[in-house]
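Attaching a single structure in structure tokens format; questions to follow.
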Amino acid sequence: MEIYLYIALFAPLVGSLFAALFGATPKTMLTGIVASGLLFLSLVSSAILLNYVMMGHTVHVEMMTWIATGDLYIPYGFVVDQVSVVMMMVVTIVSTVVHVYSIGYMDHDKGFNRFFSYLSAFVFSMMVLVMSDNFAGLFIGWEGVGLCSWLLIGFWYHKESATWAANEAFIMNRIADLAMLIGIFIIYWNIGSLQYDVVFAEIANLPMPIITWIGIFLFIGAMGKSAQFPLHTWLADAMEGPTPVSALIHAATMVTAGVYLVVRANPVYDLIPDVGLFIASLGAFVAIFAASMALVNRDMKRIIAYSTLSQLGYMFVAAGLGAYWVALFHLMAHAFFKALLFLGAGNVMHAMHNELDPFKMGGLRKVMKGTFIMMTLASVALAGIYPFAGFFSKDLILEAAFVENHYIIYAVLLFTAGLTAFYSFRLVALIFHGEERYKLFGIHPHEAYKFMLVAMAPLLILAIIAGSFKLSYFELVTNLLPAVEYHIHHPMTYWMITIGTQLFVILAVLLAYKKYASWSSVPDGTSKLENCFCYKLLSNQYYIPKLYEELFSKPYRELSRIAWKQIDLKIVDATVDGIANLIYQTGEKTHTMQNGNLSSMLRWMVIGLVVLLVLAVAFTVGYNAVTMRAM
Amino acid sequence: MEITLAHYLVLSGVLFAIGLIGVMRRKNLLMLFFATEILLNATNIGFAAISHYYNDLTGQMFAFFIIAIAASEVAVGLGLLIVWYKRTGKIDLDIMTSMRG
Amino acid sequence: MLEPIHVSLASLNITTLAPMLIAIVGALVILGIDLVKEGLHKSFYVMVSLLFLLLDLGSVIDFGNIFLKNGPILGMFDMMLIDGLAILGQIIIVVGSMLFIPLALTSKRFHEYNYPEYFSLFLFMIAGFQFMVATDNLILIFVGLETASLALYALIALHNRSKSFEAAVKYFTMGALAAGFFAFGSMIFYAITGSIEINQIASVLAADHYANIGYVLVAVSFLLAAFGFKLSMVPFHTWTPDVYEGSSAALAGYMSIVPKIAGFIVAMRLFEFLVHSGVVWLQVVLYIAVVITMTASNIWAMVQTDVKRMLAYSSISHAGFVMAAILIGTTQSNTALFLYWALFSFTNLGAFTMLWVSRQKNLLPGQSSDHPYEKFAGLVKTMPMAAIMMALFMLSLAGIPPFGLFWGKIYIIASAVTGGYTVLALIMALNSAIAAYYYLKLIVFMFMKEPVTGYEKYYFTNASLSLKTIIGIAAIGTIFAVFAVNPLLKVITLFVYNSGY
Amino acid sequence: MFEAIAFYLFAALTIGMFTITVMTSQALYALTAMAAGMIFISAFFFILGADFLGVIQIIVYTGAVMALYAFGMMFFDTTRTMVEKRENPRVIFLLGVLAATLVVFILISPIVSGHLEARYPIDAAVGNSQAIGMILFTKYLVPFEVAAVMLLVAMIAGIVLAGKKMDKSLTLMAEEEIARISAIQTSQDAKEGVH
Amino acid sequence: MQEHILSILIFFPALAAMLGFIVHKDSARAYGITVAAIEFFLSLWLWNLYDPMTSGMQFMEKAPLVAAFGINYLVGIDGISLFIIILSTFFTMIGIASLTETRRVKDLIITLLFLEMTMVGVFAALDAIVFYVFWELSLIPMLYIIGAWGGPLRIYASIKFFLYTFTGSLVMLVGMLFMAYFYYQATGQWSFSILEWYRLILPENFQLWLFAAFFVGFAIKVPMFPFHTWLPYAHGQAPTIGSVILAAILLKMGTYAFVRFSLPLFPDAAVFFMFPIAILAIIMIVYTAMVAYAQEDIKQVVAYSSVSHMGVIILGTFALNVEGISGSVFLMIAHGVVSGALFLLVGVIYDRRHTKLMSEFGGLASVMPRYATIFGIMMMASVGMPLTINFVGEFLSLLGFYKQSHAFTLVAGTAIIVGAIYMLSAYKKMFFGNVTKDENKNLKDVNRTELLALVPLVIITIWLGVYPKPVLEPISNSVESIVQLMHDKAQTKEAQARIPDLANQGAMNSQQETH
């Protein structure tokens, strides 16, 4: 089985390196095909491993030593167990799809080869992240995906906004990574190992405050990757990258790494329910917070990004409440339909020549039937309507919140579900229905390549049927995760809640259709709605980016300038130069003492003598006085 | 009133100080050399006096050698002055400032 | 009536005079030869002088062997005192002189080397210094000092240009003042101890428990002023830069080595017992004097525009550095003094010879001194070997390891540390840093600037094979000093320790 | 009593004379005053029983040194009134007076010593010159001889410096010029040799 | 030959430099490369001979220099010095191979070979005076390189560099002499051998003073805040080769000396000063990172980033445990490779455009893709991306210091954030965006010679990031013996508590397990 593990892990790396070989040369279809093929290989291996794991085995290998010094021992160790195999499947499926899709999407791009190199490298990092058997290995993947995300967001590096977003994403992630590192340090110094099995076995023996700190720091780490408030701003800006990237990284895989971490570290969080509650609360807050921003946004990809954020909030609610398997399940389901949504958006963008404002589209269903269907179904899944994947996973989270008696969280999540439905279908309505507003801009949209649509099909299928895996999934992961069944025992309540939710959601969908399906004009910022405070607040993302700019970026820039110009040059360096100058100037001023005149030279000698004599007499007088007193 | 060694030493000191003033004050090199002679002579008085009061000849020896030294110095000093005078036509030390700093 | 004194020749130990007599005879022989045959080439006189100095050195070394067997040797009614200090001092004096005399063999002709008297006076001067170090009688010290000084004044003036006259007159006049100081100081010592021999002065003072402290201090003040002049301690140093500038580089280099070591030895004899007597005043005053001398001269050296003047100030600073050894006054520090000076001789020999070979006879328009820094600008491009040599000597002077002076420097600083003068050790170290600036300045000019046109034809014009050999010797001595340090250290320690210092 | 009177008289005279030497602007006065001062100092020597020194003082100083100076004065043509620029005369006097005061302050205190002993005691029965001769040629033989060397050095130095050869400076001459001159020199020598 | 391999390694370049005077100037560069390559392979051979399992000194050689004063030519290496020596020889080779200087190449080559001698000498020396000799001697070639081949302010920069470091090391010299004096007092023998000094246990107050004296010398060299201001000038004015060697090797002398001298000699003082130094280190990390962010000149960014990284090294060193010290030693090598490479990269663009101002560039990624890639890799290494060489060191250093102070490590950890800020923004300014300047439109990508220098560095960066064991293991073994030594010598309670006792730890652990 180890061979499959290595294939699953390293096939993407090989693909990446292969593509990198052609990095500087013009587009070669070969790179795309090879990279995709290798990913498919990885997918197959993962599937074989899944099968193996489902039979009740796990694979644990230690490839070689990475860092060993003192008591520290960190190997390259990989584990395929019930949790990681699920993640592997998600990652490989989505990335295979995205790879194939990208062959079409990036068709005309100069950086075609480079793109595949980055994309495969990302997959490799993600695989390292999920397969690692220790926290340090996880951190390798963690940083690796960050790096690839930076590369891919800034893929179109000539765009100022893209590179800016890339840097923002990287730096914000770094803030969280620091916390993660600290978490790792705490673990090491208290347990003496970073291996999951050792750590989770020993964690219960630690004093409570230390476990709490570990939980907090690891979660802060997760917050960065999963773009939780207040480190969320990068995610929306990251949409500057090519759309497949958004689909793969910023929807399906990387951003869920935080959730994966919490799920993986469940033995830790099980011991600290208070932190768990905080995580859940934050998740709920982010869910509604992000959904609210999605309501008014006029950027197709950003809307989807906010929805991702919102869904990540859901996952954290589940994870925080101890429903780890639910969180992971939603992660999986979400990965499928959200990637689908993004890829659909990519098609639209292509058709619209990179136009992102849905208000400038409309009526696209005629020209882009396939995309229309896919995106609509993905939105349905996202909205959580039966029997699509979203229903099973999202409803479970609501149930879990309900069962655990966190009614406020429940209420928030419920309301958010409505919002989700609303903004999803607002988007669908604006893009595909109503008047063909794009004509105003002289665009001639066309459907994407057929193979791209075919490539998306697996996702579509999964988005539809993923819910049906629930049982077998449950059996699988509860080998490792706490097997808590979240069932509302009172059947009446259960049905009321379920049906109520469904109705609420459908209502929201209808509302969205009613309002936007027949939209006819492109808003120009003059309407009353657009000028009301709430709208502005939401469309400006609660002014948070601005706040960060004013509160952190600008002062930092200013402070840096001061540190350089004022402190470093004018104080620190000037002191050193000042001392040197002082010495030199003393020389300049006093060397005139040597004026070459013999008279003054003689006078200096006499002065020297007189000074000596003065000292002599003074000493004598003092000496005599002392000896007199002594007598 | 007896004249003690201290009297002589004080006299010696005072004469030495006069010599010092001369050394500092004179700008004419020849006259400056006069002042250096005063310094040595002042010392000689002291040596002779100590020698007398301690009943020891060493002081006189020292004075004797000082006189010899003074004489030699005059020879060399005048030689230097002569070349300097030949070159510049002056023996004023204020013009001797080509090197400074 | 006076009793006739019976003196046996054996008890006189007349051989104690041998080294000085050799030098004096040499001087007289040169005068005699000149009477017989005029117009001999200077190389003849150089070689004759060298031969006599060789004999001189031989006899000194001979004494060294006797000293190591029998301890200090007294002679001529106890007037002569050949102890370890005297022997070491004479070795440095004679060897130093031997190294500097060949500098007369320039390819250009200079006025002084036209005189056989020049070499004769040179040998007389050496004899004077030798007398100065080989006695502890203040009279003989005085007479020896004056003999040497008077000869030196003449040697400076013989260079025969107005700057050298100016230098000689300045030196002479200040020297006369200093002689006055010396005489007066000795007089006061005589007044309180009835003696003019240093060891007797010391024992009488100790027996009196320094009862006449005021007298002692006044006497020390005067003597300090006198030796301050000789050793160029601030503020008695003012002659140094002018005299160095005025005299030929060869003689300036000589002055930075030989007269000073003579001065140091007398200062050691004179001040160390006082330092050890517990007279706080002297320690404090010497401390201040040492620190001021090192620091002030370093600071002044920084702002010089002429290399020779810079080296003059640098030699003041080095003298201050070495004066610290006298202040510390342990066997280790006294050993360090000699070690330092021996190493310093080689380096300074090289540095001044480098100046000497680039000496031009007439200044260019706009040039105000013989060796402005600009003269050496870009030397590495025109004469790389010369530049490297000069840089080598500068680095050694700056105390950069592993070149010669570094070993002296660490030994002196180590002696300060062991002697309990930690702060002094730090000040000495930091002063080396200031000093590095001006040595570096020359290196910067040589290696990092473009050549200034007009000077290029003067580099090395004055060089001859013998001068180059001297530079080579100095360079080898500077580079490979590390291998000489251990034997030197052993020998010096032996001599110093056995002399009771 | 006589001693006291003599001391104060000669002290006043020497101080007066030397003050004139130092202060006057007439070189001739200065020279004369100094000569006079020297002679008065020899008086002290006689008072103190150092007859030999007294004689030497008169012969060497007043006889030789002063004569040299007088010769120098004529040579330098300094008989007329000197104009000397003065800078900070007050500082000079202050320094001088300070030095005197400080030295005197110490020197007036009595010397306390239990260990003074005359190493070469003055024997009243022996004449001063004889006694001096005795120790000069025993104990101080070496300094005496060195003094002789010193005088020789001074003589050579004086002759060389004041000599005619110093008029032309080889140091300042270009090499070609020196070669030319020495060529002339040798040809002249050759001629002299012929004659 | 094996017994004398270190001496050969030290003096071979010097000898070659001497002979280099004879080589014709057109062939000087080839000669330099040859010599440096031989030297490099000699150092690899040394690695081959080195026994990684031994923690003590190997290849020791001893010859008396000034026996009466206890100065011996004493050299030897352990795991700590081995790799820095290899790094020195490697960078000299790389540096000469990538030389683009055309003015007086021969002089430059000779100077570099002399410099190589001093660098190897410093790291091999086990006698304090020999160490000091090489330490000071290394200033001179560098002075010459900066001063003769540097930019417009080169003389100011070179003199500042020289005097600053020289002043510091003189204070250190006094400290060394003091140390020898203590040894003399304790044993009646003069000795400057570090190994013998190790055996000396000093009273705490003396330790403090001596530590301070050594600290001045080392801190200026490192350079630690606030003694760092010479560095930007030196880097700013130095030619590429100068910056490369300066950043890669010369700065390491300071941190190496901390490990070699300060820690084992003065364990109590090290503990006493741990937090003040940690504060300085943190200031170095954060403050200089901010200063780096404000720079307009790419070389200055890299220069300040060096200071910032040296802060992490210092922090790791003063973690006083195996993890931290091993990490810091490893980071010395890592930083050497990475910053050396970055300076080489800056040199590449400087050769083409003769400017280092970032505002002059922009969009280079499309003009010079290979250059941008290599720069990107090195930049990522510099910001501490896992699987690059820097991460291992930074991770271990911070990990180590976490044991001593949590809060400080948290603040120091911002290194990974602030580092990313200035590096990424600099990279963005240079490589991203559109090509705005006409001069940049036709820039040539890295050529073969440059690749020859850069690719090995990239390979090392990744190789040692992925598999640091061959280097880390010997380092770790040697560090263990130092830490044990420190623990054994520690006198104060605090020091005993803070420095782990490795010898008894195993026993304690097994005890715990039995309970």
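Letters A, B, C, D and E name the chains as they come in the text, with residue numbers starting at 1 for each one.
Rule of thumb we're sticking to: a contact is a pair of C-beta atoms (placed from the backbone, for glycine too) under 8 Å apart; a residue touches a chain by one contact, two chains touch by 3 or more.
As the structure is a prediction and not an experimental result, all values here were calculated from the model.
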Exercise. Quick one: which chains contact chain A and chain E both?
Worked result: C
Exercise. Compared with chain A, which chain's mean CA position is the farthest off?
Worked result: D
Problem set entry | Distance-maximising chain from chain E - centres being C-alpha averages | D
For this session: Could you name the chain whose Cα mean is nearest to the mean of all protein Cα atoms here?
Result: E
Problem set entry | Dominant interface by contact count, named by its two chains | B-D
Exercise. Which whole number of Å gives the spacing of the CA centres of chain A and chain D?
Worked result: 99
Exercise. If you average the Cα atoms of chain B and of chain C to get two centres, how far apart are those centres in Å?
Worked result: 26
Exercise. Taking each chain's centre as the mean position of its Cα atoms, how many Å separate chain A from chain B?
Worked result: 95
Exercise. Which integer distance in Å separates the CA centroid of chain D from that of chain E?
Worked result: 69
Problem set entry | chain B residues counted as touching two or more neighbouring chains | 5, 9, 16, 19-20, 23-24, 26-27, 33, 54, 56, 58, 61, 65, 68-69, 72-73, 76, 79-81, 83, 93-94, 96, 98-101
Problem set entry | Interface hub residues of chain A, defined as touching at least two other chains | 591, 594, 596, 598-600, 602-603, 606-607, 609, 613, 616-617, 620
Problem set entry | Where chain D touches two or more other chains, by residue | 92, 95-96, 99, 102-103, 105-107, 109, 111, 116, 118-119, 131, 139-140, 143, 147, 150, 153-154, 157, 160-161, 166
For this session: If two chains touch, include that pair; go through all of them.
Result: A-B, A-C, A-D, A-E, B-C, B-D, C-D, C-E
Exercise. So in the complex, which bits of chain A are touching chain E?
Worked result: 23-24, 64-72, 136, 139-140, 143-144, 147, 150, 154, 157-158, 160, 163-164, 166-167, 170-171, 174-175, 177-178, 181-182, 184-186, 188-189, 556-557, 559-561, 563-565, 567-568, 572-573, 575-576, 580
Problem set entry | In the complex, chain E residues that touch chain A | 160, 163-164, 225-226, 228-230, 287, 290-291, 293-295, 321-323, 326-327, 363, 365-366, 369-370, 373, 380, 383, 385-387, 391-392, 395-396, 398-399, 402-403, 406, 409-410, 413-414, 416-417, 420-421, 424-425, 428, 431-434, 466-469, 472-473, 475-476, 479-480, 505
Seminar exercise, completed: Seen from chain A, its contact residues with chain C in the complex are 583-584, 586-588, 590-591, 593-594, 596, 598, 600-602, 604-609, 612-613, 615-617, 619-620, 623-624
Exercise. Which bits of chain D are touching chain C when the two form their complex?
Worked result: 102-103, 105-107, 109, 111-119, 123, 125-126, 130-131, 134, 138-143, 146-147, 149-150, 152-154, 156-157, 160-161, 165-166, 169-175, 178
For this session: Please name which positions on chain C make contact with chain E in the complex.
Result: 380-381, 384, 395, 400-402, 406-407, 410-411, 413-414, 417-418, 422, 425-426, 429-430, 432-433, 436-437, 440, 443-444, 447-449, 482-483, 485-486, 489-490, 493
